[in-house]
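What follows is a set of structures for review.
Below are two complexes that have chain A in common, paired first with chain B and then with chain C.
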Partner chain A sequence: MTTIADQLTIERRGHAGSAARRRTNFVIFLGPAILLTVFFFVVPVIIDITVSFTDLSRSLRISEFTTEQYEKVFRTDRRLSQVIGLTFIYVFGTLAIFNVTFGLILAITTTAIRNVSGSFFRGVWLLPRMSPSVLYILLWLWAVSPTEAGLVNQVFMQAFGLDAPLDLLTSAPIALIIISNGFIGASMGMIIFTAAIRGIPEHLFHAAAVDGAGTFATIRFITLPALRWPISFVTIYQTLSLLVSFEYILLLTKGGPFYDTTVYALYVYRRAFESGQYGYGAALALFLIVIGVIVALLGWRFFDMERLLQRPRIEVH
Partner chain B sequence: MAKIEFRNVVKRFGAVEVIPDMNLVIEDGEFVALLGPSGCGKSTSLFMLAGIYLPSGGELLFDGHVVNEVEARDRNVGIVFQSYALYPHMSVRDNILFPLRFKKTPRDEALTKVKAVADLVRVAELLDRRPGELSGGQQQRVALARALVKEPQLLLLDEPLSNLDASLRLSMRTEIKSLHEQLGVTTVLVTHDQIEATTMADRIICMRAGRIEQVGTPDDLYLRPSSLFVASFIGSPPINLIAGEAEGGTVTVNGVRFPVDGASGSLTMGLRPELLRFGDTGFAGRIAQIEPMGREILYVVETGMGAVRVLEQGSSAGHSPGEEVKVSFLPENSLVFETERQKLIAGAHVRAPG
Partner chain C sequence: MIHWKIGTAALLSAALVSGCAAFLAATPLFAQETVKLELWSRQDPSGPLRPGNVIKAAERLNKELEAEGSPKRVEVAVRESPAKGFDDDALQLLKVFGVGEGPDMFIAAHEWICAFQEDGFALKLDDYIAKYPQHFGTIFPSLWSSAKCPDGTYAIPQDAEARMFFYNKKLLREAGYDAAFVDAMPERALSGDLTLDEVLEIAKQVVDKTKAQYGVLHRPNKGPDYIMVFQAYGSDFVDPATGKLLLERDKLAAAFGWFERGVKEGVIPANNTAMEFDALRKEFYTGNAAFFMYGIWDLGSVAFPTYGLPQEEKAFFADWGWIAGPAPQKGGSPVSLTHPIVYVIAADTKEPELAARLLGHASAADLNTDHAVTTTHIGIKPEQLEDPRYAKAWPLARATELLKITKFLPNNSQFGDLNGIIYAGIQGIESGRLSAEQAADFVIEEASSSLEDVIVK
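So, the complex of A and B:
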């Protein structure tokens, strides 16, 4: 026979045991993720902030702590406004033309045709994303080569009777970086939108057909409203990734001619590692983080993500 | 309003033939039910009427015109889906308005129509809500309103009551039936629930494996089922089927002898539980189980021929488990089928032993 006191002891011990287990589980399951976040996110940001308040440069010696880098960012760097303007054109152009609009068109068309051909075309559009970035850009360099051997020039000169080869890298560099990034970026939207379209209950399409809706009315009234959440997500996510990625531009144009295709992230890279102004690069990078956070928050507000996140995405019938 | 005709209609999905050869006429203004177990082709037939599926062969006629190739949106049919299929991001008003958008109805007139139909199905006070904020019964009414607002020549109902709870199902049954009486629109109901079919429809088309098993009024199907399938599908609790050999005017099953008129060979006797009764004569058995069903009581009687269900009126059980009883019936209440072909032998009856 056990007394009430005994039972309480047992209960308490049981609780103590489960509390210890909970702590162990916490360390086992979240520990690796926390370590990674600290080492590769928190520590770099702290280093970045520290470096941005120094005059660290090619000599790799810190002689003084200063706010001079921030004065440069906000006052003396004349090139910065041009870089920011270009970044806006690049991000907005790639998003509006490819990552959202073209991704949407791909998703809608490949789900409307037969499944086999739909999957084939989606597979084709995934290829650029799967190929190594250097290889992908090498192909582009060959395609837009300013000689007669370039693919684009071959097409224009033989099919459309153009006299002299075009030098697209010099004459239309911004369009080139938008297209080359867009061809890769469109596939992510395509996959997410395809999944969302597949998630729409089939009866809704049947109902719309019986109610008299044609193809475009069905897209407008059934498909697009169901894609509100994925479109918001892809827009915010891709804005952020476009803001900070520059490897394709670096490989394709090296930011040139001159600074014509140097977007913000690439500008940070060029200042820090090409000119060796590590302190200034750090200050610019910190400013980019601030811009990223502001953009994310604005997007969160604009698309009302909070409300979208709280409701189930797919209506289950 | 329209008269509907299936002429040798075939439907295949790839290599699978779902409907081999369907012939059926639905009169203008009629309320018919397509009844059958799942996978019998009843929903496929309905979707062909709606234009969602195209027939693979044969002809589908509305008022004498072949509509095989007419697109869903040009058929002027209204449909209520099992899941209701309301547009989740639109208000109830916009949902009901949706079909009128494509009929180019002027906005004022369209809104008047929406108001009228919403009054008819009693959802007028819900017009500003979203489907997600409605109960199942309300969604079902909105779906009806959306189907009716364009004044369709044909109203299709695909298992409309199966997602509702029992009491709501009962009231919606009455409401849909009276709506049909008011509007007179040709209506096709698809259901696997024989009670829904018998209570609502003027005529029932009982289907099995893509073929029409029997067409008739609810009474026809109950009193004169053409086959064992229809007999076992119609009626609740299900009919008792007892198979035996007839020789010299008597069907003998495990030693129990039923005198038979008008049939011989391998026979299956069909005895409805509600038409059996306990008495001093008849076949013997022992009560194995008692299921009170409110105003009726279902007895499961263990006999030499297997378990036999007997339904008795009354709310308190007159018998107790384990009790030895005798079960009899009136000859005219018995059905006799050929076991081999599973067909009814018209006019044949059996009598209870002893």
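So, the complex of A and C:
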């Protein structure tokens, strides 16, 4: 027979045990994520801030700590306003036309047709994402080559009787970087939206059909409301992704002609790695980090992502 | 018995003594010290013997060291960089030096040496050059100016070449120019009678009257050739009094104006800077362009082997030719540019003396001629002119005529960056984003904000 004191001791041990387990679980489950965040986000940001206050240049030597780089950003760099404007057009254009809208259209159409055909078309739209970036851009370069051998020119000249070959790299470079990035970006939205559509209970569609809802009414009142959270997620995620990625642009247009397709991240790269102005590149990159954090927080607030991540009120067993 | 013992002891002693003597005699052999010298070189099909000659030179130096009784022997390790051009290569190498991993010697384009000198990575060579006249004494004096920084000589010229406007005579004849006119163009250009605008006029006739699509093509990346046009219009980019970068707005605008007129006339393609280098070469060498601004070495490296242009002198000049960069107006001065590649020794190499002697052997007339005749580069010593192989390589002899008027890119540590800005200006004009005046302002603004000590007039 145990006394009350014994019971209290056992209970305390139990509490102590569960506290230790909680600590262990914390280390096991969150430890790797925290380490990754520290090493791949916090440390690089600290290094970036430090470098931005130096005169680090092409021979990687620091001779003084200075605020000169920030003076350059605010006072003397006349390219920046153009670069920021272009970045806005590029991010907004790619996101609005392809990553969300076209991804959504692909998801809705490929889930509306037979499963085999739907899977086939989704597979086709995944190809750009699965291709190595250099190969993908080589195909683009061939397609838009300003000579008669380019795919686009072959089609336009032979099928539509165009006289002289088009030079899209010079005449429509911004459209080209939006389309080439969009073809890749659309596939991510497509997959997430498809999964979400598949998760909508089937009986809702049957009920809507019984109530006489047409295709558009079904999409408007059943599909789209169920996709609110995936759309929010894709929008925030892809905005951040587009802000910092530039490899396809670098390969396709090298940021040109002139500075026409030099988006902010590419501008940072050109300043730091093509001109060897590492200190200045770091200062510019810091603004990109700040912009990224602000966009993420605004998106979080605007799309009310907190509610998405709340515990479900009804526990399902 | 005693005699036997004494005999044996004597024999053993003799063996021991002779063994010791032999050991002592052989000591230098055992103490031989191999000095490993690392050479940084860009993977460059237009000059494989630049590092190759240094490897061959090691054999000669080792024989010399052996004859001197020195225990040292040199071994060369080549570290190849995959950089696309000499500018990228120099930027990469500056970083390598910055992290303390630099080589003992490196090969660079001459205009970059002062960037290395400024950061303390290059060794001053004046004393070595004076000490080894047998190696360096006969190098053309004019080439040494491409190896100098403000306080001395920091490099050894490895080769030279000539930049010019190649032209397709066949297309010009098809456009209606008679053979006498076409053949007289090189002479007219050298005398200042042929102007840059006349080149645009001729190119326009070719585009209008023949099947050729392009009038004038230039390189699609940052480099030296288009700088000829700026030099023709009077921009030398360096203030002779101070050695600082100098930008003169009117002269810049005048040079940019030539590119602007070329594009407006449909002679220079708007997408020249977006074209691939190989595609661009193909357009010229297969007869789709009238003029191509480039360098003599391209004949040996690409035009002959890849596009089958005639290798025999008379056959070549029947349909092809070149002119110096024409003057901006009649009676003005024509221009040509030479872009020497140089050997440099690292300031922190442990064996500067051996490195200097090694590069001295690599600069031997016969080895340099191997490089010159196989890649159509101009030699560095007058004795090479007597080599029958050199005499047989007619493009070299003919291009040497241009050396009378040749200029260098400035040896300013920031010129590489300035050239990038100038190239962006040309791209802005050709793609229709900037006018000539705006391009001049763009270059001045960009250079003033991103480079140091720029004089603007």
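Quick note on the criterion: the second predicted complex is superposed on the first by the 273 of 317 C-alpha atoms of A that agree within 3 Å, B and C clash if a C-alpha of one lies under 4 Å from a C-alpha of the other, contacts with A are read in each partner's own complex, and residues count from 1 in each chain.
Convention: a residue touches a chain if its C-beta (ideal position, glycine included) is under 8 Å from a C-beta of that chain, and two chains touch if they have at least 3 such contacts.
Just so we're clear, the structure is a prediction, and the values are computed from it rather than from any experiment.
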Put chain B and chain C onto chain A via the superposition and say whether they clash or fit.
fit
Could you say whether A:F221 touches chain B, chain C, both of them, or neither, answering first, second, both or neither?
first
Which of the two partners, first being chain B and second being chain C, lies in contact with A:D167: first, second, both, or neither?
second
Which of the two partners, first being chain B and second being chain C, lies in contact with A:K72: first, second, both, or neither?
second
Thinking of the overlay built on chain A, is A:R22 touched by chain B (first), by chain C (second), by both, or by neither?
neither
Chain C, chain A and chain B - angle at the middle CA centre, rounded to the nearest 10 degrees
150
Partner, of chain C and chain B, that touches more residues belonging to chain A:
C
If you stack the two complexes on chain A, which partner ends up touching A:E274: first (chain B), second (chain C), both, or neither?
second
Check the residue A:P257 against both partner chains and state whether it touches chain B (first), chain C (second), both, or neither.
second
Would you check which partner chain A:R114 touches, where first means chain B only, second means chain C only, and both and neither mean what they say?
neither
According to the stated criteria, A:L60 is in contact with first (chain B), second (chain C), both, or neither; which is it?
second
Once superposed, minimum distance in angstrom between C-alpha atoms of chain B and those of chain C?
51
Across the two complexes, find the residues of chain A that touch chain B and also touch chain C.
none
Give every residue of chain B touching chain A within the complex, in rising order.
47, 50-52, 71-73, 75, 77-79, 81-83, 85, 87-90, 98-99, 101-103, 132, 146, 150
Enumerate the contact residues on chain A facing chain C in the complex.
58-61, 72, 76-79, 146-147, 167, 169-170, 253, 256-260, 274-277, 280
Hey, which residues of chain C end up touching chain A in the complex?
91, 94-95, 97-99, 115, 119, 121, 270-271, 273-275, 279, 417, 420, 424, 427-428, 430-434, 445-446, 448-450
Help me check something: in the complex, which residues belonging to chain A touch chain B?
201, 203-204, 206-214, 217, 221-222, 225-226, 228, 315, 317
